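Next, two complexes with chain A in common: one pairs it with chain B, the other with chain C.
Right after this comes the complex of A and B.
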């Protein structure tokens, strides 16, 4: 590798390189705005906070997604979990809006976990099926239109108000991050996730109830997606069809860019955080440059590939 | 005789998923035709086969990487790219049309080759590598066709989406009313295309060393490596073949709709449905078991189920829900395995 840094531990490498790449994105964007508009909005705290506010929804989804990916599974149902939670929350309304949304997420997580852990259906395909069932339920519920109910004041406060000059959505994201990071690092459940993700048979034989670990992780993912959906509904004042769709692939990409192994068992939460920030900033620089959708997709794909080629390479096969 | 019979029972026992998929397809389609007011007619068959070609090709495309134990999340995107290219180049003189088709298929195949090279020499997990290259493919498709539209030669789209009679008549190959031709003239051309590519490309490929190696890698990559099998070649070939099949789907879609459409949502939906079709067709997502013919059947099963909504009176609002439940039930069928295992440890593969 061209720029090998000797004192770097292998598991820190993704974070350092991804952080460096964030700086590269920021400087490219700044050079662009300086040369075209003569100003540097990307470096102003206000602009950055606004970007992080919109990024907090992705961040919360990615936090839950990471827990499932650490097990070597994947949750493809987050898109419609978000939408379903948001729609049910706005339908119920009042003070029960947010608990209802979260409960929807937990229920979806239970179904996913049951299918993957107990029925042993591959998560890739089971969560996909759950996703289409949720979509069907929501179409039946709303008649295929955007529901007229609007988000409750508390949902709007959580998503778009400011507290101490900082968007409150960022505080929610921070809180979720702390909970997930502590859970992964400091609780038995968190350690069991890593062990199960590395080798489920070994974990099972060591007395870990791996099925419950899987079930619990999918519930965490469902709750995170639901929270993000409820907040997104608060941010846009109402729920709408397909509101979760743009979050699925970026969430997976953020987790993987952050150095979590897609096969499970390895990865740190701080990496996911950096991955989310990277994707959010990349998106905002591309929109400042008024890049058409075509160019965005190409750059987006190329960035993921080249970042992974630098540090995400697997081992060579041997016996 | 006894030997033959035991060979047959072994064959059936080893391919129980495949044969039950075929039985399910036949049953579903027979009932569909009985319920359909114009059932068992050539018109229904032509329409149904037209609507199935793209997803059948995508399911076949998805099968090859899945057999490796990988997954190709870019098949829908490559199909979209091929669809947009075809909508630009498949017109003009007959020579230009053929050339255009070759360009389309070659682009898809090259994209698959690139996937393979990234997976093998970049040593990335296929699922995440193809997630990224899929974005690139959709981006390129959007460059070529920012808004839906395009221009595909009318003759070819008429000839390839009808029965053999129209195909022969359109190009005046011979007298389409000839007596001997009557017996086969009702066969839909799309059906023939799918069968020709499935049996002409996949089956011969499966019997080569490279094809066998794909199965070996899916069963036990380490063992395949130690046996000296050409691992890298097989992986690259698998993704290349996936690109080729996906391009076939995209080309047909362009011919069928006479246009190209760089729709990101549609690309994603096709990719996800291709995975479902592969599973329904009896290929294991863990790799090493199954085949493209099974996925062909799996894709047809999913399509026939959706055809039912046209003849069974059901609230259109409930239709996506029923579709979702059927999909979920279909993929959960494999769960019966968990009830049969004698040793719990066999569950955790």
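Right after this comes the complex of A and C.
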């Protein structure tokens, strides 16, 4: 491939480190299970597929998040975008359930993009505000109770059925991945995301419509979050308050662990995939080890911070 | 009370920035109780000199003596401690703090408990402001609420508060109203009596003439001459500033034939920085923009390229109005305008991206089929761009920051040539690049003109304007003060127009007398 961004060795380093860390997690987990239970469930394909199935929701959110982070922005509204999309989808029901959910995500993305690109509000503040507004709207919508509508059969099929013995959610994640990867690498829009993320002034002076690029990226993020929310509702059979909350930090972490520069402009999609797998496995090993929730949080956070420290030292290519 | 030993003395001071010399073996001194003017073209080394004196930069070689003692400032605080205080061109005030806070920002008066003593601080601010006749400024008001001229006066008050022995004013009067300018003149005279040495940098010749006792001319990083006021005439000073240098080779100019106007600019104005620009450029013509830095040249180019909001006046290509609202519109097929921006590192390039990505940045629509980039077209376009400008690259996938400055600039130019523009705006395209590449760029510009492009070139190098351009428009304070063509494009004429002194003919006469 002639025109891929990272011909720089240093850029591949995070992916190598993250992959190595995945192996470390797997070996520690396996040693633990062998010594306590005498079995190695972590290495069985069935178990791994199940982990990837739950990981696919995170993977789809992270795919959208990456596009926004490549611009040097962030989307903190993904949690309630997921919830809102899921709730609207189950409320509408029928064959319009999924399109409705996706439309909610696209609309949230448009609002975010408009605020960041045209009103010039810092994305961290604007998307946080949008997140709060969505939460309020959803509480008003349900009256504060758990919604009674359940997920449509198609949503359930997408999220929890198996196809050729493989969970169909993984196929959806794969499809989203292909779309995002091709978009980033092979379309003008994708390249303009990198150019804008690297230096917005230079991009603007090159005649790139940078505001449209930013707007489009937030729409992509909104749609990805909405799709993940709709599928999560299918997986749990219904939508519920706060269902998206556990996804915000891991999504950002997966993108950054995968080597995408938090200030924008650099990163490969494959890195985000690796980041998602790392986080999913870390979570499952910690739960196998029956680590109490408090300890899990500490380890989880420490791992993210220390990996970023390791990357930061080798990644100073920018002046 | 002028004394015999100089208060500041520089011996053999040199400073280099990545290969280009900013100062070379400079010997310079100034005495207490004088007002010392410093003159020089753009890039003559004036700013570097000031930065070394005020501790912002450290010299690579040579010594700096203050009051007979050798010093080596590693930061501005140390310079201030030795009594050298600088008022910089760019305002250094914090807009969201009060006037009093700003004046005492480095060393605020403290109470017994170590907190800032607001009362003393306000009194101090009032005293200092009274000294420069700015009693109307409330010490408690925020700096952001003040006009530009008032802010500059606060800046001067702040400098006075540091009790200077040597006061450096770098274009400090450029933002002032005429009333404040008079106040500053009075203040400088007062400081002179008090034995303070003032170093005065200004592009306004009459100002220097009126104020200074001594003048020093810098050229090309070297100190040329220091003399008492009146020792040289204006024309001679201009000559000293220009000097005689080895000139680069320029491609031969074609016979000047009047070309029908292609791009017509009519009374273009913008926010007090462009004051009614009239200019027309023909197809195949290279028009140069001259003048000192910051006289509106950059704004004119940006305005034509659709970057500025709130432009007034008319611009037309042939008979079609041409006022793009954004660079994207400017490069569209309807207008076909390209701009090579001033600072390639921040405005021209994505330094961390590959050469190929940088080259394609302006022409994704040309190499795409629908939303998808056609890899073959992209590859062809990139290799054509590299070949056309003979950019020395190992692989188009290399990161652009690995290239030399000259080759980086070629990438920026190639990026725009790939869009096949009709109007090419160049903002100092040869700044900071090697002579060889400069000559290639001159040749290229001429070739582009010969192929019927309309070219507007701003250059801070007068020699370049003379060597490259069919016509030169010199700007001063947002206006075009002289339009030169043919043999009238001389260094004397450009420099004189840049300083807005005398008429062109009187200076030519002066040049003839001394040349």
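Just so we're on the same page, the second predicted complex is superposed on the first by the 304 of 319 C-alpha atoms of A that agree within 3 Å, B and C clash if a C-alpha of one lies under 4 Å from a C-alpha of the other, contacts with A are read in each partner's own complex, and residues count from 1 in each chain.
Keep this in mind: a contact is a pair of C-beta atoms (placed from the backbone, for glycine too) under 8 Å apart; a residue touches a chain by one contact, two chains touch by 3 or more.
Computed from a predicted model, the values in this text were never measured in an experiment.
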Contacts of A:266 with chain B and chain C, given as first, second, both or neither: second
Look at A:188 in the shared chain and tell me whether it touches chain B only, chain C only, both, or neither; answer first, second, both or neither. second
Check whether chain B or chain C contacts more residues of chain A in the superposed model. B
Is A:140 touching anything from chain B or chain C once the two structures are fitted on A? First, second, both or neither. first
Mind working out whether A:252 is in touch with chain B, chain C, both or neither, as first, second, both or neither? first
In the overlay, answer first, second, both or neither for which of chain B and chain C A:157 touches. neither
Does chain B (first) or chain C (second) touch A:209, or do both, or does neither? second
Mind working out whether A:201 is in touch with chain B, chain C, both or neither, as first, second, both or neither? both
Based on the superposed arrangement, let me know which partner A:297 touches: chain B (first), chain C (second), both, or neither? first
Output the chain A positions appearing in both contact lists, the one against chain B and the one against chain C. 201, 204-205, 317-319
Which of the residues in chain A end up touching chain C in this complex? 2-5, 7-8, 186-189, 191-192, 194-195, 198-199, 201-209, 265-266, 317-319
Parts of chain B lying in touch with chain A, wherever the complex brings them together: 71, 118, 122-125, 127-129, 131-143, 146, 221-223, 225-226, 231, 262, 264-265, 272, 275-276, 279, 285-286, 317-325, 327-328, 331-332, 334-335, 337-338, 344-345, 347-348
Once bound in the complex, which stretches of chain A touch chain B? 76, 115, 118-122, 124-126, 128-137, 139-140, 143-144, 200-201, 204-205, 210, 245, 249, 252-253, 256, 262-263, 292-302, 304-305, 308-309, 312-319
Could you list, by residue number, the parts of chain C that touch chain A in their complex? 305, 307, 326-328, 330-331, 339, 341, 345-354, 356-357, 360-362, 364-365, 368, 371-373, 375, 378-379, 395-399, 401, 415, 419
